[in-house]
Amino acid sequence: MNIFKLEDLSISEISDLLDLAEEFKSGKKLNYNGEKIIANLFFEPSTRTHYSFDTAALRLGCKTLNFDASNSSLKKGETLYDTIKTFESFGCDALIIRATENEYYNHFPNKINIPILNAGDGTGNHPSQSLLDLLTIRQEFGSFENLSIAIVGDIKHSRVAHSNIDIMKRLGMNVYISGPEEFREDAYEFCKLDDIIDKVDIVMLLRIQNERLEKSMSITPENYHRLYGLNVERVNKMKSNSIIMHPAPFNRNIEIADDVVECSKSRIFKQIENGVFVRMAMIYSALEK
Amino acid sequence: MNIFKLEDLSISEISDLLDLAEEFKSGKKLNYNGEKIIANLFFEPSTRTHYSFDTAALRLGCKTLNFDASNSSLKKGETLYDTIKTFESFGCDALIIRATENEYYNHFPNKINIPILNAGDGTGNHPSQSLLDLLTIRQEFGSFENLSIAIVGDIKHSRVAHSNIDIMKRLGMNVYISGPEEFREDAYEFCKLDDIIDKVDIVMLLRIQNERLEKSMSITPENYHRLYGLNVERVNKMKSNSIIMHPAPFNRNIEIADDVVECSKSRIFKQIENGVFVRMAMIYSALEK
Amino acid sequence: MNIFKLEDLSISEISDLLDLAEEFKSGKKLNYNGEKIIANLFFEPSTRTHYSFDTAALRLGCKTLNFDASNSSLKKGETLYDTIKTFESFGCDALIIRATENEYYNHFPNKINIPILNAGDGTGNHPSQSLLDLLTIRQEFGSFENLSIAIVGDIKHSRVAHSNIDIMKRLGMNVYISGPEEFREDAYEFCKLDDIIDKVDIVMLLRIQNERLEKSMSITPENYHRLYGLNVERVNKMKSNSIIMHPAPFNRNIEIADDVVECSKSRIFKQIENGVFVRMAMIYSALEK
């Protein structure tokens, strides 16, 4: 089974993946005893997603190949498809791919005969991130129906936002969007952060992705922090059992104040923990379904 | 046992390696259970050869070290020999080495006491590539005697060509060479591609290695494609049971037309598959002989 | 147990680590059967230390994550602490860290709840290097008391020197320091190399670390070699059972003449061998204590 984007999965398939992740978190063991080889093909820099998938594969007893894009035949002009086809030809059992181009997987429908797990495509989708976000939310609140979330920041360039908004609405959540004008998309209505901060169950911050901006942000980092950053003052206005999330890496003192990163409401490092379990579930599903 | 170049091996040793590779392809299992450590030392960018050797070692139950030359003490001025000697000192069981310098292994005769498998030296030799080419040919035609091959392209900078021409002649094959004047070598007679395209059993294309050219190619890519590129028109002139090979990575629409890459005559991705089995045979021989 | 610097360890703890390393050298087997994951986080180029730790972890049956700093979220501005906390969140069992900043580990006291082994911090400490140096010396001379060592070269920028001088004095060794004026530190008295060359049991050379010098060295490489380099003439003045050490990588014909690198007195590659055993002992201690 491929996982390109959560849109392709039913609510019940998503639920099954979260259940399986929870089982891995509770200690479920599954050991492929080195019989399966998983290739991590990251064509963009990544720490969390890359090594989280690597850890997940190793915990399942798979072996991993870690493709170093900066030191590869891409330098000799090889296309993305040809590189992917090469790893299929090696006899790998599944591929984890991050690429710069949105929906890269639509360029080669049915031409790769082993499962692909999308680890992020340009500004498009990031299903493993969405799943770990959902797992973190479900652990906290038990279900999704009628929860309110504020997603704050660079909506335009964020595959995290794109992946999450759709699935969260399907799950019955109320999704509020906030962020500077330059990062908005017409498809969504935007709110002032301070109008919703005391109403939502979850504040999900997004990273300012300087590497994706054609020109630098028009507001200063200081103004961003003042208007959209999560500081202690805003945290104090949040509902008593509400939580803070961020896909990381985070820009300290821009999206989030230093002293908020590890405050009692923050689930940022818990998200990273959950990422490994969610990715174990994805790899298992890719290999078995 | 070291494998530096096929010249050093007898026909019968080569045959044994191909037989062993075929056994691995047929499912032969061999498991070192993590007792052996193989170091991949690639001092030049590589996708296929590097990860194919890595896959081969993992399939044999070896552990692998993957040396990242761009992030190493080479930056501190360490020599190739000293780096190699270092990995020997770690207690590695075999080394896979690609280096920029031709015949780098002649600089330290008998000073490294563990087996070395040459994964490519400058414009010199590339024995694992030759072996996988031979395996692919033998699978197709059963034997080598009297087969005709056209090797087309940048002969001058190609270690694939240098490795193949000699061994193919020793095996009784008729080797035709074609390519632009600037890529020729005096040692070989050159033919016009269109004079031989309908006579040969195998058309083997070579990559234009822009990274090895001191100045850019004097003919345009379009002219190269017109004169030496394999397009559908030329494929249609080929003998009925003939095949197309390319060591990859390939420059689409220069050496080979887009719609020829995966045509029924192409064995390009089968070569890559075979590469893993051939390298398993090489690693096994290195460790055992 | 963390190992940040040898200063934090008692003589008896150091002795235990050396004993354990010696047991691994003698063939002691310990196999975590893939149950433990060790992450190598190298924020600076390294060959020896990185792959030596990697080899050590693999020999112990651990799995390893090899973080590629040049292709990571550091490019997106992530802090060192946040990267380290991320690998802790993955559920890694221990972290091996090399960082550019001296005493980086003091920035997050008690915030990382898994063991950290310091693989070098800026110009500060390098405990695994010191331990392998001590093991090499103990193998040669049986004990440390009253041995004399000359440490020669760039004392100022050398974490090897800083790590070694303190522990060697604690062990009762006589430590002589030599090197050009620009590399001296006020804390130590300096000698002329030729005044002590015939008196010491060990000559330990240090690498000129061009990458750490703000401006290039004021003496020429030729003059450095003449005044502080170890050449055959100086080797011939050394005591009969004395030895030569260098942490490597070495600049041939600057710190050490080509024909001295592998002379009978040299223990340079033996140091590298010992490095794996010492690091196995460190990893084992980190996981068990």
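Letters A, B and C name the chains as they come in the text, with residue numbers starting at 1 for each one.
Going forward, contacts are C-beta pairs under 8 Å (C-beta built on N, C-alpha and C of every residue); 3 or more make two chains touch, one makes a residue touch a chain.
The structure presented is a predicted model; accordingly, all values stated were derived computationally and were not measured.
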item	value
Contact distance in steps, from chain B to chain C	1
Superposing rotation of chain A relative to chain B, computed on C-alpha atoms, to nearest 5°	120
Chain centre separation in whole Å, for chain C relative to chain A (CA means)	39
Per-residue overlap in chain C, given as positions that touch at least 2 other chains	66, 68, 70
Chain C residues touching chain A - in the complex, by the definition given at the top	34, 37, 39, 63, 65-68, 70-79, 82-83, 85-92
Chain B-touching residues of chain C, taken from the complex the two chains share	42, 45-48, 50-52, 54-55, 58-59, 61, 66, 68-70, 207, 209-211, 248-252, 269-270, 272-273, 275-276
